[in-house]
Structure formats: C-alpha cells, structure tokens
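Have a look at these structures, which come just after this line.
In the two complexes below, chain A is the common chain; its partner is chain B in one and chain C in the other.
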Partner chain A sequence: MTKITINGREVDADPAQPLIRACHDHGADVPMYCYHPGLSPVGSCRICQVEVQQGDMPPRVVVACRTPVVEGMVVDTEAERAHETRRECLEFLLKNHPLDCPICDKAGECDLQDYAFAEGQGKGRSAEPRRKLEKRKSLGDVIVLDQERCILCSRCTRFMEEVPRTPQLTVSDLGSRSVIETFMDRPLTGNYQGNLADICPVGALTLKEFRFQARVWNLRKTPSTCAECSRGCAITVETLRGGEVKRFRPRPDLEVNQYWMCDTGRFALDRANLPARLPAATLRGQSGLEEADVEDAVDVLADMVGAHRASAVVLVSPFATQEEAAAVQRLAAELGAAPAFVSPPPNDLKDDVLHTGDPCPNRRGLTGLGFEALTAEDALARLADAELAVLAGERVVELVGAEGLAAVRASLRLVVLDAVPVDVPALDVALGVPTHVEKSGTWVNVDGVRRRLSLAVPPPVGVAPLEQTVERMLARLQAAEVRG
Partner chain B sequence: MSAHPTYMLDRCEVADSHTLKVYRENGGYEALEKVLKTPLSPEDVIAVLKDSGLRGRGGAGFPTGLKWSFMPDVAKDDRPRYLAVNADESEPGTCKDRVLLREDPHGLIEGILIACYAMRAEAAYVYVRGEYRLPYERVAAAIDEARAAGLVGENVMGTDFSCQIWMHKGAGAYICGEETGLMESLEGKRGHPRPKPPFPAGYGLWGNPTTVNNVETIQNVPFIVSRGAEWFRSMGTEKSTGNFLCGISGHVERPGVYELPFGLSARSILEEVAGGVWKGRELKAFFPGGSSTGVLPAGSIDVAMDHDSVKGAGSMFGTGAMIFMDETTCVTRIAEVTLRFYEHESCGQCSQCREGTQWLHQIFRRIERGQGTMDDVDMLSTLASGMAPGKTICALSDAAAIPTHSVVKHFRDELEEHVRLGRCPLAGTSQPVGAGA
Partner chain C sequence: MVVVERKELTLAERLYLPEIFRGMAITFRKLFAKRVTRQYPEEPLPTTEVTRGQPRLVVNDDGNIACVSCGLCEAACPAYAITIDGHETDRTIEREPERFDIDMLRCILCGFCEEACPKDAIFMSDELELADYTRQALVYNIERLKRPKSALQARIDYVYRLNDRWQSSSSTS
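Let's turn to the complex of A and B:
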C-alpha cells in the first residue's frame, strides 16, 4: 500500500490501481466517463481532472484515471482549478448532446445527467445546431444505439475487445464525425451484449427489452445472486411497485463475476415473473386438487408420510439453498431416505467468460451437504420403486419432467413443494414455495464461493419459506411418533 | 539573398542526388564509416549530438541528444528498441521534409543508421505521409540500394552492427504525425494518440523503447558527426543551432523551401529570401511556424526566427513553415479555414478537442459570414482556454487553441467589424491562403 493524501486526509492507496480508484475508495467524488474499473484505462474523456502535487513540483491538474499513485502525493479533488477544468470538459461534452433526458431510458442513472446536475452551468452557450445522427440504430437483438447521445468514451468498444474478446464494435471516422458502429452494420452477437447498456455512461446503448419499460428511479433494487448457472453472478433484482421484476443487473463481485453477467441470466425474467402460482396448500379431494389450509395439508401429509415411510424418496431442486437443503436433509433422515437433487445435464452456454454451462446454481453446496445428483431418468426410476416421494423446490416438477411424473403409478404417495401449479394423478399434497427472487439464503458457486440470495419480491400470500414448511412437517411427524 | 553557409540542401541541387552513386560522390556514408570504423561508441555519438545543440525539427524543438539519452540502459533493459522517423509532414504550410525525402533519401538513411547505432536500435520505421508518392518511392529505392551495398541489414559495412529499415505509408491523417498516434498507426491500429506517461522511450512501438524523430532532425545527424559539434554551433543562435529548412508559402513573390540559419529576422526572410509580399502589397499577418503556431501581426515582422525569440513574440517556432498573408486577407477567414482543418483532423478521443475544434470552427464560420455576435468573440477565447494547454491527450487540441487565441488577441477589431457589419468587411478582396482554402 502507498500512503497518499486525498483532500487533507492521509490514506492507503493500492499502487496497482490508478489514482481515481484511491479517490473513490476514500469517498472523494471524481466523475468518470471513459474509465471503468473493469476495463483498461484510456484517459480520453478528460473529465476526471484532479489537482496533484508531488515533491517540490507545483501542483498540476491531471486525469486521475491515468495517474499512478506515488508515495507522498497530495491530491485535491476539490481544487478550484480541477473543478474549472471539469466544468469546461462537461460543457464540451454537452455541446452536441441531444438532452432528450425526458425520453431517455438512462435518465436517473446517467453519469452525464448526474454530473451536469451537480456541476453544470444550467444554460448552454452553444448557438450551433446539434449533431444529427442515427437515434435508433439496431445493433442486433439486444441493444439499440442512439448515436446522438454517445459521448465517445469507448467503454463499449473496449468491453467487446477485453471481456468477451469479440471486438465487434468500433469508433469509425474521426473527430467530431466519430460514431460507434459495427463492421458493415452487422448485428452484435454473443451472450454478453447486455453489459453494454450497463457500462455506457449515457443513454446511447440501451436494452431493447427494457426500452420505455420503467423510469429507473421507480425501481427497487435488492442485491442477490443469479440463478441461471453455477457461476452465481452477483446481481441486483430490480422491481417495480407491485413486485414485477424489470431488470437483473450485475453487481461488482471481484471473486465471482467482476462487473458482468451474461444475457441468459440477465433476461431470465420469465423465471421471476411467473404467470401462475401454486397456492400455499392444495389437497387431493373429491373433485381433484383443492385449495386447503396449510395446517390441514401438513396434517394429511404427516399421516400419509407416517404410513409410507418404509421406502421413501426425497428429492430437491437444484435451486435449493443451503438452508432449505439442511431442513430437507433432516426430513430425509427422519424418513430413512438418502437425499438427492435433480441435476439437469450441462447446456451449451458454457464459455470462457462466466457461464459454466451447469444449470444447477447450488451444485457445490448440495453435494457438499451429501445430496446425490440424479438425472431426471434416474429420479423417475427411483420413484418407480418407491411408496412415497417428496419433491421439494422451485422447478422440481419441471426438471424431473411433468410427463414422466404423470406416468408414475397412481398408488405412489406423492408430495410436491413447487412454485408453479402441478397436477399429476399420483399427487396427494402440493405446497407452494417461493421462487429464487422471493427468498433469502445461501448458494455455493462452482468455485466454492458462498453467496447470498435475498428476498426481492414477497412470495404469494401464505407461501412460507420452504425450510419453514419442511420444519413444520417434521415437527408434525415427530409429534405423531411420540403419540404413537 | 543573405549569404550564409548551407549544407542540407547543397546535395539536393545535384542531378540524380537521390541515387547511391551520386550520394557517395558527394561524401555520402562517410559519417557512418567514421562512426563504425573509428569506432565511436554509441555514447560518443550521443555526446556529440548533445554538444551540437541540435533541436528537433518536428515542431516542438526538443533537444535531440537528450531525447536519445532517454532510451533505457541496455544493461538493464534488453527489450528490442526502435527508431521511428516521422515523415508524415501534414502541418499546414510545412513542406520541407518532402524535399529531403525526394532529393536526399540516402542522407536520411545514413542519419537513421547512425541514430540506431547510437540508441542501439535494431530497426527503424519510416512513416511517410500517404500523399508523398514520389518521396516514398525514392526512399524505398534508396533503402534497396543501400541494402544491396551492405549498408542496411545485417553487418553494416562488414561490422557487427546490424540495422533494418522498414517503410510505412500513412493514409492521410494529420494525427498520425503525432508521435504516439504514429506508433499506434504503425502497429496497424487507428491513429489514436496514447496518453503520456508512459513515454515512447519506455513504452513505444509494441511496448518497446522507441524514439520518434522528424526527417529533418535525422538528416542533420551525419553532418554533425562528420563536421563536429562546434561547426554546427557556428550556425544559428546559441540556443537554436544549425540551419533549418524554411518552407515559405502564402502571398510572397518566391514561395519555396529554403535552408536558413536560425536567428534571421522574419523581415529579412520575407524580403530577401521570399522576394517580399507579392503584387507590391503590404503584409497583414504571418504564421511563423505552421498553422499550429500563433498568427502574428505585421508589426511583429522583426522577430528573429529562432525558438526563443518567436516564443518571446507570443508565438512558436513550430516547423519553421512561414505563411505570409497580404493586406487583402481576411484573417477571420484564415481562422475559419485553419479550424476547419483541426476539426477535420482531431482524432476525436478527447472531449475538449473533438467538440472544441468543431465549436471554434462553427463560430469562426458564423462570424465570417456575418452571423456572429459580440459574445462569440469572447467565447472563442474561453473555449480555447478550455481546450489547452495540457488538457488533452495530445497537442492537437493546443494546436487549435493557439491560433484561435492569437487571432482574437491581434485581430479582435476585424472580428468585431464582421459582427457589426453583418458581413465580411474584406469581401471581394480577400485571397484565400494556406490550409486548403
């Protein structure tokens, strides 16, 4: 660590990082457009000017993102000269900017808007017509480009070169005629395009999916973990009032996903906004499955389980958290069953960036607890010989296969805890569980890193956390034993 | 014409000066032989260069010997090292390197070999402006000849000194003459200048130690090595030694490239060398060293043409390309044309330069057309102050700001006259000059 002084306070700075990082780490607000901590620094936008004094030299105004930290350096981010240089730079950046914030999806989280608000002059001095460029240029299925809003920071071109290593974007032409383009207007490809909308400091690159969907200041943001593969990227779940999930966005996590996430994870909104939900409890009655009181359902369940515990199968979904799995494990022990989880085969999304190709976000955690990984076929084969089966967790029915389950003998006593409605002949009791955005808990990723999920959306009325429901069943079973 | 010793252009006058045969007949490659056969150590060569006081002819006037000594110590740094010769010559008004490339390519090659020897560079890259077709061909042919004669390549002159020389054609961008833009372009990328530090001597071509020098700078080297530092210092002034190639253009009787010692007055250059202002007219203004230097009014015509004196007069020596404008010239129009050039040539990385060059150009254009306001005149200065000095990655932004400041400073009346009249007061008489007007 290197000792430097920032705004009068002596601090430790990481010598491997440019000065701007030390400023940000120690609470000094230095604006940045071209700099991004996950990309190589180019020092081109010139907004991050700060005053630096070293040794006997007079203070200089320098760009913080290209200045290395040097022992003893004295930094003043609020020096009038630094402010002045930043203000000038901002004025140039705004000269051709269309200022169409009212219809811009980025408004509210736009670095240009924020800094213009903090430091700008309120009134533009330019009498010249603004640059007229393409306002809605499709860059493929994911991204739409507004060339007028672009401030040519080149974050997007560097991202494409450095992260997925598919250099498909470029600055073409020169000077004030520069525009961001793809070669011959070809669409962008790859599974990481969505990140472009995050890193673009302005509203030049936006998501087609999110276009005019919400004003970002209305979104509630909850830190959580992506469910789409065993990388478990750190994300924020962004919801509108009423609970609709509008965006998944990556959160910086240097051990897991740095600053990025893949498009598969980003656009897995359908898994969070389910059209139909399994109610808290349903029981098989005269006219099929009927909604029931949870206590009654647990009673029925306990009686049934008590009578058939001899050859039970206990299976969880690969989305089960460590906390859920621990509860299920106790239930399995009570029933004398070996706990297992359904493990769908690897998909073809694996790449050398983030996606692992393994759709089980908590494989490491579950195997660590002693859960056996079963393919859908193996799981169904076990059900064929069992008298009783407890299938627990989000998407467990889908992953074992609803068709396969429909074909099991009707005499099997089948208990399902899932998030979506299910109806197969063997089913006796079905209990609703929360989805991954409706629960808190822990997953262990492919590298053994433990990360939290947190409740971003309340589960449907009456639906309790899975571990609670299982604990209730367990308590009811044990009580019956004592009485018995 | 003033009588003063010349050396650089002497050979260029001889028929077939570009061939190895004629070059050798005129003392060519004797300096290289002196270096390799005496032998002089690389440090000796650098010492002579330092002693000579030679300053770079590419525009900044940086001491050449000192620049070479910035290359890292070979004992501590064994990366390959390079020389890049800047033959991009695109500064408006500047047309001197073209003469050297075309008429004296072997002089350049000999200079390159000595420079590479002194800096222990294994190869040199000559970056030639794309439009310079004949100069390019002449240098390419000369390299072939020199290679065949054992002067370029492995074991130069039978010694264990080896040096390759490669050529590269630019594609018409001024910014590729900026030293780091040039290196990016040589690497096959867009000519976007790199932020400094790191400096080229530590991190240049492909990340290796590199020195960038102008053609004319390199061309001086063999003369200094042959004739000595003292001889070199006998020409010019104390701090600007030797002769320089003065490219004279604009409203003069005899435009052209002349070899002159530093320190002559601009007046004597105009009157004695260039034959005075054309058509018997009066001088209005002049750029002392290319369009990036501040324009000076006729009243400054007695300034001595050396680095310090021109700086003292509020401008810069630049590339020594003097552009003279007669009394009929609309300086506002000159400014418009100049800024159009910088707007066109800004690489566009830095916010101030990309937007500022365009903005300044637009304002000058409006004022020239009689659509400006008094506020515009002040805004020119404040905008130019936002662009430079040292606020951007490279000096192109400065190169646009400097002439702007100078026009506002010296020709404010004329700008305001445009605003007041709502038209160009010189309309109909103005003669376009310089930068692609």
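Let's turn to the complex of A and C:
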C-alpha cells in the first residue's frame, strides 16, 4: 500500500491500480467515460483530470486513469484548474453530441448527461453544425449503434478485446471522421454483447430488446442473482410500475462475475414474466382441477399423504433456494424419502468467461445439503415405483418433462408445487409457488459462493413462499400423527 | 354581560313604505343595466391564453404527434396522473408514444407537464369541462388528448413570451 493525500486526507492506495481508483475508493468524485474498472485504462476522454503535486514540483493537471499511484503524491480532485480543464473537455465532447436526451434510452443513467448537468454550460458556443452520422445502425441481434451519440471512448472495443476476447469492434477512420464500426459491417457475435450497452457511457450502444421499453428512472431496481447457470451472476432485477420485469443488468461482484453477465441470462425475461400462473391451490375434484383454499388443499394433502406414505418420492427443483431445500428436506425426512433434485443435462452455452453450461443455479447448495441429483429419466423411473410423489419448486414439471409425467399411472398420488399451470392425469393437488424473482433466499454458486436472491416482484395473490407452504404441510402432517 | 342599545327607527323607517319604494327603484334601475350573469352551459366562460385548462398533446402540421414519450411530464406530474409507454417509429424522430394516458380525475391542472416538456408537445388548453358517467371514461387516452397545433397556438405563443421574460429577468451565467 502506498500513502498518498487525496483532498487533504492521507489514505492508503493500491499501487497496482490507477489513481482514479484510489480517488473513487476514498470518496472523491472524479468523472470518467473511457475508464472502466473492469477494462484497461487508455485515457482517451480526458474527463478524469485532477490536480497532482509531487515532491518540489508545482502542481500539474493529469488524467487520473493513466497516472500510477506514487508515494507522497498530493491529489486535489476539486481544484479549480482541474474543474476548468474538465469543463473544456466536456465542451469538446458535447460539440458533436446530439440533443437526443428525450429520445435516448440512456437518459437517466448516462454519465455524459449527469456530468453535463453538473458542470456543463447551458448553451453551446459552437456555430458549426453537429456532424451527421448513422443513427440507427444495427450491430447484430442485440445491439443498435447510434454513431452521432458516440464520444469515441473506446470502452466497447476494449471490452470486446479483453473480456470475451473476440475483438470485433474498432474505431475506424481518422480524427473528426472517426466512428465505431465492425469489420465490413459484419454483425456482432458472441454471448456477451449485452454488456456493451451497459459500459457505453452514453447512449450510442443500446439494447434492441430494451429499445424504448421504459424510461430508466421509472424502473425499480432490486439486487438479486441470475438464474440461468450455476455461476449465479450478481444482477439487478428492474421492474416497471411494480409488475413487469423489463431488464436484468449485471451488478459488480468481484468474486463472481466482476462487472459482466452473459446475454442468455440478460434476456431470460420470459422466465420472470410468466403469462399464466398456477393459483395458490388447486385440487382434483369432480370436474377436473378446481381452485381451492390453501388450508383445504393442505388438509386433503395431509390425509392423502398419511395413507400413502409407504413409498414416497420427494423431488425438488434445481432453482430451490437453500431455505426452500431445507424445508423440503424436513418434509422428505417426515415421509421417509431420500431428498433429490431434478438435474437437467449441461447445455452447450459453456464458455471460459462466465457461463458454466450448467442450468442448475443452486446445484452446489443442494448437493451440499445432501440432495441427490437425478436426471429426468431417473426421476420418472422413481415415480413409476412410488405411491406418493411431491414435486416442489419452480419449473420442476418442465424439467421432469410434462409428457413423461402425463404417462405416469393415474393412481400415483402426485403433489406439485410449481409456478406455471400443470395438468397431468396423476395430479391430485397443485400449489402455486413464487418464481425466482418473486422470492428471497440463498443460492450457492459453482464456486461455493453464497449469494442472495431478493423479492423484486410481488407473487400472485395467495401464493406463499415455498418454504412456508412446505412447513404448513409438515405441521399438518405432524399434527395428524399426534392425533392418529 | 353586554347591554346592547338598539337605535330608535326614524319616522320614515317606521312608515315602512318609503323604504320599499327605494328598494324597488334600485331593482327597476338594474333592469336596464349591463347583465353580469352568464347562461353557463349554453354560453361558455371566456378564456384567455393565461387559462390553465386541461393538458392537451400537440399534433404538428405534418400530422405527427410532437411527443417523443420522453417521460419528463410523467416524472414532473405531482399527482401521478400521466402514464406513458413509447414505441419506435420509422421517422427521423425515433420514438413516439404508444400509450399516453392522463387521469383527468387526478390532474390538478398545475401545468408542470407543460413546463417540463422539452419538445413543446404538451400544453394547457382552454378546455375546462370535465364530466362523465364513469371514472374510467375520465382517464383520457392519446386519441382524446391530441389537438392540432393551431388549436393551441395562442397558449404556445404565451408560454414562449413567458419563458423569454423569465430568461431575461433571471441571471444564469
């Protein structure tokens, strides 16, 4: 650690990191466009200039992202000279930046907008027209480029080179004619394109999927964990007007995903915005499945379980949190069944950046609790021999296979706790559970890192957390035992 | 306790009739004076460009709505009366509202939306009447809010004059 002074305070700075990191770590607000903590610094935007004084030399204004930390340097981020140079840089950056904010999707989370608001002039001094470039340039399926808005910070080109290591973007042409382009206008490829829209400090690179979907200040952001693979990237779940999930964005988590996430996870919105939901409780009645009161359903269930507990199968979804799994484990112990979870086979999305190719986000946690991993075939084979089966958790029916379940003999007492409606002949009781954006809990990722899920969307009316429903069943069973 | 001393009535007052005639004279005179009462529903109230009536959306002369659904009026609205969803267009202006609802029962006619709008797309019209049979009917959708620019021109000019006055009086460096 190196001792330096930032704004009059002596602090310890990491000599391996550029000066801007030390400033940010110690509460000094230094703007940045081209610098990103996850990418190599280039110092192209010059907006992070601060005043530095070393030894006997007079203070100089330097770019904080390209200045190494040196013992004894005295940094003043709020010096008038530093502000003045930053304002001059900003004026040049804004020279060709269109007044698109009312249309731009980045407005509200745009670094350029924020800093122009804080420090910029109300009016431009330039009489020349702004340069006219392509405003709706498609860069593949994920990203759309607005060349007019681009401030040529080159974060995107560095991201493509350094993170997925598939260099595809470049700054082409020279000087005032520079634009961001792909080679021969080929579309971008790869599973990490969505990050370009996050790292772009302005609205030049935006997501096609999110284009004009919402104004960002209307989105409520809840920190959570991605459900698409066992990496469990830290994300924010962003919902519009308390209902629809509009986007997932990565959250910095240096132990798990640094600053990034893959497109598979980013665009898995269908899993969060389910069109049809399983109501709190449905029972097999005279005319098929009928909606029922949860208490009645639990009563029926307890009677049924009491009579058929001889050979029970308890299967949990790989999306179950540790808390849910623990509750299901107690239920399994009560029924004398070995707890197991459905484990779908690895998919072909594995890469050496983030995606693990394993679609079970809590595999490590469940195996740690003593759950056995079962393929869909094994699970169905177990159901064939059982008298009673409890399938608990989001997407458990889909993962076991709805066709496979439909073929199970109708005499099997089948209890399903799922998020989406299900109708198979064997089904007796179905209880609704929340999806992964509607519950809070813990997942253990592939490296054994525990991360929280948070409730971002309220579950449908009457649908209680899975662990609560299971505990209710358990309490009812134990009460029946005492009476019996 | 306060003892109130009543004034004795004069002879003319006690005679009663002279006062009646005096009153009738006033009444008779007013028959020929200029009327101030208005037959309201048939005869609408006069409005000027200063009147802050219900907000309306400007439709430009080319037939396109001026709004780009930036959401600033929605954010500025203190009564949460406005809800906007945008979608993409083929025009140079890439976005326009797909849904633009103003709940007129919530609207307090404060004019913040007009002030917030960066695109001169929403103005306070001179329309003031608000009555219907259901609450839902008073949530105005985009089609009910659209007005040709010419219908709002007086207010637009007034707002521009007002802004100029603000800018010349406030000293922003």
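As a working rule, the second predicted complex is superposed on the first by the 483 of 484 C-alpha atoms of A that agree within 3 Å, B and C clash if a C-alpha of one lies under 4 Å from a C-alpha of the other, contacts with A are read in each partner's own complex, and residues count from 1 in each chain.
Keep in mind that, in the parts below, a contact is a pair of C-beta atoms (placed from the backbone, for glycine too) under 8 Å apart; a residue touches a chain by one contact, two chains touch by 3 or more.
Every value quoted in this text rests on a predicted model; they were computed, and no experiment measured them.
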{"item": "First (chain B), second (chain C), both or neither touched by A:T236", "value": "neither"}
{"item": "Which of chain B and chain C A:A107 touches, first, second, both or neither", "value": "second"}
{"item": "Touching partner for A:F212 - first (chain B), second (chain C), both, neither", "value": "second"}
{"item": "Chain B versus chain C, judged by how many residues of chain A each one touches", "value": "B"}
{"item": "Contacts of A:V171 with chain B and chain C, given as first, second, both or neither", "value": "first"}
{"item": "Contacts of A:N273 with chain B and chain C, given as first, second, both or neither", "value": "neither"}
{"item": "Touching partner for A:T367 - first (chain B), second (chain C), both, neither", "value": "neither"}
{"item": "Partner chain in contact with A:T442 - chain B first, chain C second, else both or neither", "value": "neither"}
{"item": "Contact footprint of chain B on chain A as seen in their complex", "value": "42-47, 49, 61, 63, 66, 85, 88-89, 91-93, 95-96, 125-128, 151-152, 154, 171, 173-178"}
{"item": "Chain A-facing residues of chain B, complex", "value": "173, 175, 190, 192, 195, 343-359, 362-363, 366, 373, 376, 379, 385-387, 390-393"}
{"item": "Chain A partner contacts - residues on chain C that touch it in the complex", "value": "68-72, 74-75, 85-88, 92-95, 118-119, 172"}
{"item": "Chain C-touching residues of chain A, taken from the complex the two chains share", "value": "101-103, 107, 122, 135-136, 211-212, 214-215, 217-218"}
